[in-house]
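Two complexes come next, and they have one chain in common, chain A, joined by chain B in the first and chain C in the second.
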Partner chain A sequence: MNELKEKAKELLQNGTVKVIIGFAQGTIPNRTKPFIVRSVEDAEKLVFNKYCVNNLAMYLTRKEFKRNGVVGIVAKGCDVKAIVQLIQENQVKKDDVYIIGMNCSGVVSELGEEFNESTVATKCLHCMVHTPHLHHTLLGSLEETPKREDKNFVLMQKIDSMTAEERFDFWEAEFERCVKCYACRQACPMCYCEKCIADKSIPRWIESSAHTRGNFAWNMIRAFHLAGRCVGCNECERACPAEIPLSLLNRKMGMTANKEFDYIPGMNLNTPTLVGTYDVNDREDFIK
Partner chain B sequence: MEEKKFEPKIAAFVCNWCTYTGADLAGTSRLKYAPNIKMIRVPCTGRIDPVFIIKAFEKGADGVLISGCHPNDCHYNTGNFHARRRWILFKELLDFVGIDSTRLHFSWVSASEGKKFVDVVTEVVETVKNQGKFEKYAKINEEFFIHE
Partner chain C sequence: MEEKLISKVNLKMLVADLIKANHIVVGQDEKAVGWKRLSHTDEIVVNSNGVPSNLSYKEFLFAKTEPIFYFRNNKDNYDLIEPANVAASPNLDEQKIVILGAKPCDAPSIEIMSHVFNWDYKDKFFNEKAERSIVIGLACHYQDEFCFCTSVGLNPTSEAGSDLFLVPLDDKNFAIKIVSDKGKEFVQPFIQYMSEGNPKATSEVLDKIKLQERKFEQAKVREWIAPNFEHKIFDKVGETCLGCGQCAFACPVCHCFDIVDEECNYTCGRRMKNWDACQFGLFTIHGSGHNPRDTQGKRYRQRIAHKFKYYQDKFGKTLCTGCGRCSRGCPVGIDIAQVVREINLVANQV
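After this line comes the complex of A and B, so read on.
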């Protein structure tokens, strides 16, 4: 990945950016960590490979990055989707971000594992943006993405075929494990609210204790607040210590947005956001 | 002894400008409707956060009715259009987590449609009565030992 290091050095030297968010080698093999480059020497440590799973767009909305002026970011296609969505929502200025687009043919699903056919992440199976659709520089080369069965989708079809009671039981068993650590919220590039509805206490809409009742409310509201916004990076599910299949909820919302409104989040800078706008001809056959 | 009939609890979120006034008209016209409806007045259907609906079910509602101005009649011009788009997404989510979205009813009732309001309420109460108590969520409530 010498071209990435060279590019980073060049950007820092000519003053285009003061800081670059990228990946560095982790403490064990097959593992990388987010890495903030502030000096030319640090740029030497940048890496990009199959184990660069994190969605670094999450950092862009954080206050400590906003005061850096133009921020450089090493981004895969899915990260660029998140960046585009953030620009659409006016959270990041288009001129305040310098995207070092990386051609990506898939990443590993769980850090630490060897990248191969069986461990390629679910999101990569249907990826439309192996080459980032918005970038200032494009680096890297494409290989063929490994193919495997989409177990996530099979599970979703299984849930769809259940009765309402069975579905409730399924989710009750899943949400029961939720400990309300809000790791899903912290990892999500789209969860940037200064004050989350889960933290509001007057009135308290979502119970703060990790009881199944409040867990239902929290997980549903989280999924709903991401409806038509979630770019499917699956960072929430990866961050979840209880291994709740959060991607199912997000994916369901994404599929509904696509089916009903023909909308895919994070693809076009110039379209308005899905729930931020409306169409007078929206479906209303369910309204008496 | 006659068995006690099931009386559903239904939360109704209604918009101040149309349905609430419509319900008022039903009252002043001396029209009767089922008392199972607990009405909650909100400024506009656009004000109805899905978290309200979740809260209603969480607190033991057997059904929820949401009603507001007809399209193009919104007091704030676009509130109901925004709300409608949200409901399309939210209904799908409710169904997916196993809260039967047929327990969630929507209607447009204008300020002059007192009769329509009565019809809608009667229909909703009948439907929810036939569906029976919404037990799944209530069961979680029971095992929750801290009472607010």
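After this line comes the complex of A and C, so read on.
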């Protein structure tokens, strides 16, 4: 881990960046936490391992960090996907971010657990960016990613085969636990609206009540807003205290975007965004 | 205090009787996500070794969303309609809300919240449920790095807030201590399920529970906050804090709510009381657009100050039970005990 600390110190000392967003050790061994480095002493506390789960890209759109000029960020491949998408959506300037890319062969799914083949995160099973596809410097080495059955996908197929009524019942039961803490939104790098539609109260579009209607309204609108934009970091699902399987929604939307438009968010800086593009050749057969 | 012995089988019978009599029996769910109303004895989880669930049982006393009243347009006026759960219902008083297996970091929550709900205004929604609640506490054998009950004046064997208190003696039996008068009255119909207690065996079990070392002095935090209101420590935490409400909504004693009107159908509206949290920017924003707590650091300071100072100043109680839910569940690993300990260190330096 020394190369990360040294690189961070070098960047701070030569003035490339004033601040680096990285990870530090958490309360227990198998846990890390986001950590803001402003000095060489801080840089000593940086860590990177299998327990660096957070997608730190969500901090890039915060006003406090935008004020700092070029911001350094410790990023895994999946975090870089978010950074690329943010640049494409004009939320972050390409020249305002210095990416310390980390080779990553997988992270743990649930913080606190030991990393092994049964606890490797679902997103890592199909990862295409173990080596970050955009970076200013690249650190770390790759090992083999543990393999396990993708239970999430099995469940997706099961939901696909349900009738509309069964699907409604499934989601009604899942959403019932929602407490409207909005941790899903807050942890999401793509949820950067200055004022979220759920916070608009004059008039109120999304009921703040955590009952069936309010919970459906919130979770559906969030899923729609992420269609073709979600990079699949799965931070929303991890942050959810009620353990609602939000990845099922986001993954389904992502797969649909890929199938219909051959588009994967966050992969290529030069591809226009899916929802920000109009093409006269776009299919219109869904308008009836 | 009276003490009895109850076997696991008989505890099941007791719960079965309660469910059959349509009482609301609330227990932790199997996955330790939250608490639910039990519909069958197979769902009982009374685990002294288990981690506290992500969410507490507070929603059974202080609902995450509930109607205050309904209103219907009636020519030039509005008709107000009381919600069914508060309208006089002869049977409601008899329907107990039985919290089964509340650890010492969960059991005091009703008593702690009752102060704020009965201070200048008597909150009938909370009170009505608190009055018919029975808390069956459970001695705790669980301890991890996030727990800190001993730092807030509780411990794994404390009976505070419990009406009855279970102590697991062996694989098959619990000691059941009858702590309050409410508890005594409640167990009367079930006394046939219990046998003579053995207080000596119980204290042997309780004595073996190792108490965690205290992580901080809460009195010190209380003194320190006011003169150090603008201290950078809060901004430092605020920098990585996401501003989600996980901590407040998981907390067994956080009690803030918002009041909003919504429609129920074309002819009827309702005024709702919904959970809210001081970590949201929207919580304090004024109609003018000004927000006195405009940064996450200020919001986090409010969280600490409310828990360890304001609630103490006003009610003489700490608004924290040390369950560690907020720290265990925090998506960015903010550990409240560590933050308060850091405040202790800073306070000691001066």
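Note that in this section the second predicted complex is superposed on the first by the 286 of 288 C-alpha atoms of A that agree within 3 Å, B and C clash if a C-alpha of one lies under 4 Å from a C-alpha of the other, contacts with A are read in each partner's own complex, and residues count from 1 in each chain.
Just so it is clear, a contact is a pair of C-beta atoms (placed from the backbone, for glycine too) under 8 Å apart; a residue touches a chain by one contact, two chains touch by 3 or more.
Keep in mind the model is a prediction, meaning the values are calculated, not measured.
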Considering only the touch criterion stated at the top, classify A:Gly228 as touching first (chain B), second (chain C), both, or neither.
-> first
Between chain B (first) and chain C (second), which does A:Asn54 come into contact with in this model arrangement: first, second, both, or neither?
-> second
Between chain B (first) and chain C (second), which, if any, makes contact with A:Arg148: first, second, both or neither?
-> neither
Touching A:His211 in the superposition: chain B (first), chain C (second), both, neither?
-> both
First, second, both or neither for A:Met220, with chain B first and chain C second = first
Applying the touch criterion given at the start, work out whether A:Ile159 contacts chain B, chain C, both or neither, answering first, second, both or neither.
-> first
Look at A:Gln186 in the shared chain and tell me whether it touches chain B only, chain C only, both, or neither; answer first, second, both or neither.
-> second
Could you look at A:Val280 and tell me whether it touches chain B, chain C, both or neither (first, second, both, neither)?
-> first
Where chain B and chain C land on the same part of chain A: residues 209, 211
Taking the complex as given, what residues does chain C use to touch chain A?
-> 31, 33-34, 54-55, 59, 64-65, 144-146, 236, 239-240, 242-246, 248-250, 258, 260, 262, 272, 274-275, 277, 280-282, 295, 327-329, 331-335, 338
Where on chain A does chain B make contact in their complex?
-> 159-160, 162, 164-172, 197, 205-206, 209, 211-213, 216-217, 219-221, 223-224, 227-228, 248-249, 252-253, 256-257, 260-261, 274-275, 278-280, 282-284, 286-288
Of chain A, residues touching chain C in the complex | 26-28, 31-36, 54, 58-59, 64, 111-112, 177, 179-183, 185-187, 199, 201, 204, 207-211, 214, 235, 238-239, 241-243
Residue positions on chain B within touch of chain A in the complex are 49-51, 54-55, 58, 71-72, 78, 81-82, 84-100, 105-108, 120, 123, 136-137, 140-141, 144, 146
